[in-house]
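Order of writing sets the chain letters: A, B, C and D. Residues in each chain are counted from 1.
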Amino acid sequence: MASPYILTISCPDRIGIVATVSTFLAVQRCNILDSAQFGDRESKRFFLRIHFEMPDDGPGRPELERLFAGVAATFDMEWQLIDAGSTARILVLVSRFGHCLNDIMFRCETGALNATIPAIVSNHQDFQRIAEMHDIPFHYLPISKENKAEQEGRIARIIEEQSIDLVVLARYMQILSPEFCARFKGRVINIHHSFLPSFKGASPYHQAFARGVKLIGATAHYVTENLDEGPIIEQEVARVDHSHMPDDLVAVGRDVECLALARAVRFHIEHRVLLNGSKTVVFR
Amino acid sequence: MASPYILTISCPDRIGIVATVSTFLAVQRCNILDSAQFGDRESKRFFLRIHFEMPDDGPGRPELERLFAGVAATFDMEWQLIDAGSTARILVLVSRFGHCLNDIMFRCETGALNATIPAIVSNHQDFQRIAEMHDIPFHYLPISKENKAEQEGRIARIIEEQSIDLVVLARYMQILSPEFCARFKGRVINIHHSFLPSFKGASPYHQAFARGVKLIGATAHYVTENLDEGPIIEQEVARVDHSHMPDDLVAVGRDVECLALARAVRFHIEHRVLLNGSKTVVFR
Amino acid sequence: MASPYILTISCPDRIGIVATVSTFLAVQRCNILDSAQFGDRESKRFFLRIHFEMPDDGPGRPELERLFAGVAATFDMEWQLIDAGSTARILVLVSRFGHCLNDIMFRCETGALNATIPAIVSNHQDFQRIAEMHDIPFHYLPISKENKAEQEGRIARIIEEQSIDLVVLARYMQILSPEFCARFKGRVINIHHSFLPSFKGASPYHQAFARGVKLIGATAHYVTENLDEGPIIEQEVARVDHSHMPDDLVAVGRDVECLALARAVRFHIEHRVLLNGSKTVVFR
Amino acid sequence: MASPYILTISCPDRIGIVATVSTFLAVQRCNILDSAQFGDRESKRFFLRIHFEMPDDGPGRPELERLFAGVAATFDMEWQLIDAGSTARILVLVSRFGHCLNDIMFRCETGALNATIPAIVSNHQDFQRIAEMHDIPFHYLPISKENKAEQEGRIARIIEEQSIDLVVLARYMQILSPEFCARFKGRVINIHHSFLPSFKGASPYHQAFARGVKLIGATAHYVTENLDEGPIIEQEVARVDHSHMPDDLVAVGRDVECLALARAVRFHIEHRVLLNGSKTVVFR
């Protein structure tokens, strides 16, 4: 019998990384199920994700981590060892458009996403009843100029108390403070309803309508303090034409947003996304 | 026996346009093969394209035009009657990337595009031999700061002398003067190698690489004096990932450019594109 | 003030149809908002869909129908006049996979589909609670060899009593009898989880896995007595690769099924689908 | 200074393969540029492709092969070591449709495909002049019931004499004998103009038209003695609708065929395709 783990590594590129890591795992009688790597010729960094099984009479996770720390130090690695059997804990933030929330909730319930939603936060009460129907605690945290810091403080507390792995802004129409963005860097995914970098900011579908584009898009990205500038994880588009009024673009866009966000969330919780400066490496 | 025609109309929207035009055609014993229309709620303009057959013992084209002019005046129509059996005449302008040129030449030769290429113009000599292989006159018109106006003058003369219907900028790396753009408005199509309005200007693939996008695109648009701002006719995208270096994006982009441009050219020569301010109506 | 209607027509092709219908509408002071047509050169039939507004001081619907009946008889038309402001009534049949059900319910609730679901029927109890959460009556109608006719009779009664416009088989894993199919011809849409005509019958994802295809698909079609042979309304595909095990194909397929089915349902309830023998005309 | 190589491996799956191979390469001072692997849980086989650089003062290719043969024997590996700097030699077979031929020739000439075409074979003379324009020897080998074996013999001789790496059936409308298929197994790619397994055999676009599908496709696959049943390498689709007559499907299909075939050819000559029984592993 064996248990699955995921090891992710980011380090300066040089000869022997794969040999060292794969030999280390073989010596510990771990069997590689799946592995992907990328050497960035530009940044000279190397990225590795290994999905492997450790036998139940193997060293065990703490010992494996202790042993690997030595290897990691040699290569100046940033690394993470994750129990692949664990279920990710997602906090969803939403305002008044519920399609992405509904989509994620359903995927969690059917197992399409290996995740649970311990809490939903909203600055509006629209989805309180839906949250209750799904037995998910709903935190109504209205926001004003005065209470912004306090409101974010309460969100941060939920993140800590609920051991949240990932915060999803499922059409959350509030800008997070630079402090919040920095504190939870690489753990907050936003869905922007345009094909970035086109149509940053507000009302992208109206901007798209005004420009007369023939495809509309959506972009899932990590949140940084620079609005709509964070590392892109996933993008999707759909064809439109001259007959689509702004409302029609919004309707078409809903499906595109749900798909792009759902894929980005899955990539993140399966630890397929590694940060590479202002970009991402995504091992599909 | 009958001959096919296309009638395109753009006019202020009001009740009775379709009734009037279709009754006019029926009275002249013309049979509608295909028809498409669009009423723009924003600009309050109405757009109509009718593909019909006139019997060979019917009024004939000059008489049909004379008769229709009366109808058109009543509705304040901009209109065009085109012999659908005629072959479009395309002038291709190219610099040093030949994939779009090759693609269009091949489509013309196989009949995928109902068009001929009476001339190719280039500011470089790279494709002289290929033009000769295809028996197409090749005009080598190098360009410098001093001779820009003269060079454009020679292009304009080719357009007039060769009765060119459409000028295609098949990766022509020169900016046309406002005068040239105005003179041939709605008759010059450019392929921009990005998903506009993202990555305007030079080196869009390098911009896309720097931003870390997950899809790259191409945009075929009418040329106006505002670079990369002209009415969009067609767009296409392709998926890329972190492993694509700028050169790889260029390679993937070639296919996307060819497809977007070929479709835009076909839409234009089949008179499926009507200008609607800074946007297009495209009846696919 | 005016009210919107949709007129759909299918008849033998001949000169003057559009002229007659559009003149008829103009005389009744009806304004055409949108119109689409298709003349099938093979079957020699003509298909027309007109979206128009009738002024509130116009003839009214019954009188318009009475007047148009005369026109229709002349051209041997099959036709339908629909109040475009009305909300479609959908009966959903489901077995044990709920993703399409959830998707349709959500689209109805948000108005993405202009429809309500007056009832859900299932041969299993899995989605009873979800139906209750959405305040939709749930009919648990288990099925066996013995009670098949009776069970279908109860479904038919629900269709009649609830004035159902459209029956959606949202992964309903039962074969309907030829009598049921004939009785509700053109009003029952099924989603088949393959790119028909590939992989008819059971376990299409396992068939797709065995064949090693690089794209998987889903097909929404009208139900006929010949399983998986009904007129196709919409198809969608998604890319997969060698690493996708059958379960992965099922997961990818869910999104594809939801999208293809949702579009087909929208096309149907917006009266964009006209039957053309064993095929469909879909005015997008 | 260093030279690039590609090592492909297929063997029974077990612990330690990656460790052994990557350690072997590190010991020989070879630097891994790119690596991809797949363990098939069904067939219990393991597939590996490693793109690496060997330093110019390293062991050299013959010595590396000699050394690796020992490793390979231990793991019962099928393997190949390829000089990644070499240019693939492609023989194109074509009948009367030239779009795929033109597409491949252009990609070879621009370097989009790292390949040359030392010969074109056809059972028709249509493309003789085009071949001459590109300075490619053209072999006109007409075929009849009587001379089929002899004609294939001449093709086989060209393959041997020209050291052909890959034979591409670019719409070659002849069925190859089982003997020929067996002799060049895994080295002959065909483009079938449908989304296999739909519409096998002749006239797939007419079959697609008759069935009323909403997407048409193309499939690039290795040729086996069972027509249209060979391992699929790549598939592509395009959207069509009710207005597409068979000729329109053919026209749309041309682009789809070119794209699917070009990608399959690139994957093959970059040694990204490994055979896995009746399926393929494609490391994109």
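Following the convention adopted for this analysis, a contact is a pair of C-beta atoms (placed from the backbone, for glycine too) under 8 Å apart; a residue touches a chain by one contact, two chains touch by 3 or more.
Each chain and its UniProt protein: A, B, C, D = Formyltetrahydrofolate deformylase.
If you're wondering where the values come from, they're calculated on a predicted model, not measured in any experiment.
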Provide the labels of all chains in contact with subunit C and in contact with subunit D.
A, B
Looking at B-D and A-D, which one has the bigger number of contacting C-beta pairs?
A-D
Farthest CA centroid from subunit A: chain B
Distance from the mean Cα position of subunit B to that of subunit A, given in whole angstrom:
42
Once you find the CA centre of subunit A and the CA centre of subunit D, what distance in Å lies between them?
37
Note the residues in subunit D that touch 2 or more other chains, in rising order.
34, 38, 243
Subunit D residues within the subunit C interface of the complex:
38, 40-42, 195-199, 211-215, 217, 231-237, 241-243, 245, 276, 278-282, 284
Subunit A to subunit C touching residues, read off their complex:
34, 98-99, 102, 106, 110, 112, 133, 243, 251, 254-255, 259, 262
Complex interface listing, subunit D residues touching subunit A:
15-16, 18-20, 22-23, 25-26, 29-39
